[in-house]
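Each of the two complexes below includes chain A, the first together with chain B, the second together with chain C.
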Partner chain A sequence: MKRYPLISLLVLILALGITGTVLAQDVRPTDDEVNAIAKQLYCPVCENTPLDVCPTEACREWREQIRAMLAEGKSEEEIKQFFVEYYGARVLSEPPRQGFNWVIYIVPPLVILAGAGILFMGLRKWVTPDDPGHDRGAKEAPGTADEENEYLARIEKELLGKD
Partner chain B sequence: MTEQTTPVPERAVPIWVQIIVWILLSGLLVLVALGLKNAQNPIIRVGSEVPDFNLTLFEGYTYEGSPVVSLSALHGKVVVLNFWASWCKPCEQEAAELEEVWRSYAEVDAEVVFLGVAWTDTPANSLEYLQKFEVTYPNGPDLGSRISAVFNRNLGVPETYLIDKEGILRAVKIGPFASNAEIKSFINPLLSE
Partner chain C sequence: MIADFGYGILVVTFLLSLYSVGAAVLGALNKSTAIVESARRAMLLTWPLLTLSSLALIYLLVNNHYEVEFVYQVTSRSMPTYLKITALWGGQSGSLVFWSWLMSAFASLVTLRKWDRDREFLPWVIAVASLTMAFFLAMNVLFENPFARFWQTAAGVEAYTFKPANALPFAPQDGRGLNPLLRHIGMVIHPPMLYLGFVSFVIPYAFAIAALITGRTDDRWIRLTRRWTLWAWLFLALGLVLGGRWAYDVLGWGGYWGWDPVEVAAFIPWLIGTAFLHSVMIQEKRGMFKQWNMFLIVLTYCAVIYGTFVTRSGLLSSVHAFAQSAIGPMFAVYLSLISIGSVALIIWRWGDLSSDIELKSVFSRESLFLINNFLFLTLAFICYLGMNFPLVAEIITNQRVTVGPIWYERITAPLFAALMFLMGVAPLSAWGNSTLRTLGRAIWKPAVVSLGITTVLFFTYTRNAIALTGFFLVSFVILVSLYEYWRGARARQTSQGENFFVAFWKLTARNPRRYGGYFVHISMMLMAIGILGIELFQVETQGTVQVDQSINLGGYTVKYKDIAQFPGPDGRQVTRAVVSVYQGDQYISELHPRIDYYFESQQSMTIPGQRPTLKDDLYILLVAWEPVSTAGATFKIFVNPLINWLWIGSILFSAGILIAALIPDRSRAAVREKKSVQVAQTSAAD
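Now for the complex of A and B:
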């Protein structure tokens, strides 16, 4: 080793280089890694089928495309962006939050809120009926009931007096 | 004494809430109706003008030196627009015929252009397919499915659209052509106009 330091170093570098290449070639994305992205995409030819479970040849090719891009070191976002640019936003399981797509993100929560509001109003009405003669005593100011009784008594008296 | 009952006023939903709810409901119904209409009816029919579109060609393909070809630039020529995919077996049936017919027209400098559009295909497989069938006419991917959207295609491949010299869609062939003669039978009447 002492006699040939330069040669030894060269051999070491070459060996590391070869090992590195072999290791890099062995890095093949697993099915799980591919499917993690594939399940966020939809089959291009058979509607409503996620890419990770789609059995068609087109989907198999798309999954291989994902695998190849993962092997190239592309990120999940980069891969999804490629699919959107190449095939359109319809391939995404979740439409991008832009333009007209906002409707599908805004309308359902609004409808749920409106439904909850209507339900709340209905329940409140059910629990506290509108009939003023039924349950107002507790809410009325003291003396109001007496005044009403007095008023009714006077009407009754007048009516009796007419007879 | 007779019992008296005073009519209890109903607590009505405010009018502005009712208006908003009805507007929202009407809007939703209109959206659903429009969606259904678009899904069922093609945007263009045979006899109507085809909206302009751009086809970005695959590497190695050009049209008159340009890597992008637009329909509007082909005015005065018959356009044979063929949708295909490498995973599509019926497409393979007509691939060689289309290339053969294209070459036969190119030899006599006929006023016809063939355009191949790879639909829902991966770039590598598309190029492999084109090499396999030695396809020389301009071909490119349907980027963003925008060309498909022009024709509102949802059926599959192969599909071929025949556009006349004035840019009018004149015929649609669903499925593969059976022979060279069949392809020519679509093109020749348009060339002679």
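Now for the complex of A and C:
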């Protein structure tokens, strides 16, 4: 579950760069490594605040927890799992794909498909290709040979308020 | 004394607005102009009354009357006067008063207009506006009295409207003060803008209901409220943008939009309103989709009430907060009644609203507007689902979940891309009839140039497919819009013999809605550049450095120079770092990221040091939760590419709406005349 593949990669590259200069010989995981994971988690107490930016003392401790776990060699998935077990699924940035939560993943595509279907049916029903003998309501003249002239005529007509 | 006066006025205004609803309905049913006039005058009286009540509250706020609970909650002695005044909308009960005050101002403006040709609408517009106002006032009068005072009783100190038995007045020495995060110019202007947007949408809704009840279901109600809709849309958009800017400047997470439920709640009315703004044009031009437009405005109004409701009732933070809040259930009941009532009216008038739907082509302007409506409504639905899902999940599975940006972005991105494509195609299509061939001929030139631009970007800027698609669409829409301006101006140049600039200006003045609209499209695309930039190319790093050490990010070198701590205005302690910024070896500027700590609320606020350019924004935060000294301070640095185009776009965007809303639409006068002749002919034929 990569959240921002590109950004994670950049952060990783930068993290490596900074490890080399600023925190040389330090085995302590860097802030960037910690934030890369904290970013994907939500503060268990505040409303809708990602863990990497939450200023509360509790969140500061949780970030240190991530750092400690990283130092122990825990993987990203293991750390996330740890937080879910302790604080519930709300720490994840989106609902885990299980049980009732599937609703939020299945409904939007269904709605888009259904809407597109209705729209398609509607257009099929309503669109009656132009036929010179049945031209009530049409504002524009049917296509002439010279499109550019037709366009100019349309603009002029509209501008003169004859539309 | 002043508090009792203020509350008394609220009660009187509440009763007056109820009277106004009753009299308007009675007058309309009995066809009595005198009773309707009485309703109108009652409505006109609400504005001065609510002004008095708001002034009473402002007086209490400014003069430190902490015996009033609301004043205690949102102000403190150390706050500057302007913040004490604007604290009026810094808390729930005050902001409801402010809402009603704006509503009364707008409703009065509407009732003061000339009604000669539209007499029959008047009572119903008054009834709907007054009902909305009565509802909001009821909330103040019954549950959320901003004038409630503290009383010392045997049980302790509590706030009551009326003095309980054996109670003594209680006045704290100082207030709790406004949340420091809200002490920002963006937050001072943001709520009024949103409320203005919300309130302005009530007016088109009131006219729509009036049209339904009176059976005047032609497009008169749409024409009468076109400007209100534009203003509503502008204010809502400004509210959203200012909120974003506030988040960017104050919240210290390097972003402007987090798909927070409160943000989403304000975004939904804007999405539906945008669909409405486009689809009314189909009815005006072709007389079709009357039922649909009615449905859209009802939906917009419901979204406005729902938006106010969710941000005010605590519904979304948890089910329990909702159950405890007194106004939550009130909102739920009102919303249900309003939506059922409005839909019932639409069904009742279904026959009158039906029109022969006849589209000449899938590529005609009206067909494309239908697709636009589908996309906007789908977006609104997705937002609604995402916003409410945590609540539903908590009720059903008893487990709370978070629906974060990742979910919203994944599902909305393709829809936004489709909208951008549509924005590029629709201006080239004609009302009534367009074929794939005519459209293709108009499209190929801008499409080829955009493809060229995208190719250049591929070799010089990015290989990211999403970014390239986005930039292609952005340039396509901008080119099409400019092309339309150019073609229109050239047409006038040839036909009227004007020079290009005169032609250009007269073109816009002749059809401000269309050309203002294209201007809005272009501005939207500039905003899209900013959004693509920050979403796809933002980089960040965090590190602790000593004085004279530096951090590198995205070609910038940020060198920690100095730190100082000093007392600031407004009861805060400022911790301000000085950093030098270099690009390569070249010194560019000095920035001052800082942390403001507020003693009274024990809250700190991180203000970034920013260096904005058209290319990117260097955004440096002094991390508040780490210790700071010359021996070590922790900085979080973001490089936000292209973000400033978002703000530039939003300024231009307002200009586009002003063009569309302020310049009188001269081409419409002619259309209207023609329409009324047509209507007369049709009714004669019937």
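Just so it is clear, the second predicted complex is superposed on the first by the 102 of 163 C-alpha atoms of A that agree within 3 Å, B and C clash if a C-alpha of one lies under 4 Å from a C-alpha of the other, contacts with A are read in each partner's own complex, and residues count from 1 in each chain.
By our rule, contacts are C-beta pairs under 8 Å (C-beta built on N, C-alpha and C of every residue); 3 or more make two chains touch, one makes a residue touch a chain.
Predicted model only: the values in this text are computed from it and were never measured.
In the superposed model, A:Trp62 lies in contact with chain B only, and not with chain C. Residue by residue along chain A, chain B and chain C are tallied for touches, and C comes out ahead. Of the two partner chains placed by the overlay, only chain C lies in contact with A:Asn35; chain B stays clear of it. Contacts of A:Pro95 after superposition on the shared chain: chain C is touched, whereas chain B is not.
Residue contacts after overlaying the shared chain place A:Val127 against chain C, while chain B stays out of touching range. In the superposed pair of complexes, A:Tyr86 makes contact with chain B only, with no contact to chain C.
Once the two complexes are overlaid on the shared chain, A:Val103 sits against chain B and chain C alike. Residue overlap on chain A between the chain B contacts of one complex and the chain C contacts of the other covers 56-57, 88-90, 103, 107, 125, 130, 156, 159. The touching residues of chain B, when paired with chain A in their complex, are 1, 6, 8-11, 13, 21, 24, 28, 31, 85-87, 120-125, 141-146, 149, 156.
Residues 44-45, 56-58, 61-62, 64-65, 68, 84-90, 103, 107, 110, 114, 121, 125, 130-133, 156, 159 of chain A are the ones touching chain B in the complex.
Against chain C, in their complex, chain A makes its touches with residues 3, 6-7, 10-11, 14-15, 17-18, 21-23, 30-32, 35, 42, 47-48, 50, 52-53, 55-57, 59-60, 88-96, 99-101, 103-104, 107-109, 111-112, 115-116, 119, 122-123, 125-130, 136-140, 142-143, 147, 150-152, 154-156, 158-163.
Of all the residues in chain C, the ones that touch chain A in their complex are 251-254, 258, 260-261, 285-287, 317, 356-362, 367, 370-371, 374, 377-378, 381-382, 385-386, 389-390, 393, 396-397, 399-407, 411, 415, 430-433, 435, 437-438, 441-442, 464, 487-488, 491-492, 494-495, 507, 510-511, 536-545, 549, 551-553, 604, 606, 624-625, 634, 636, 666-667, 669-671.
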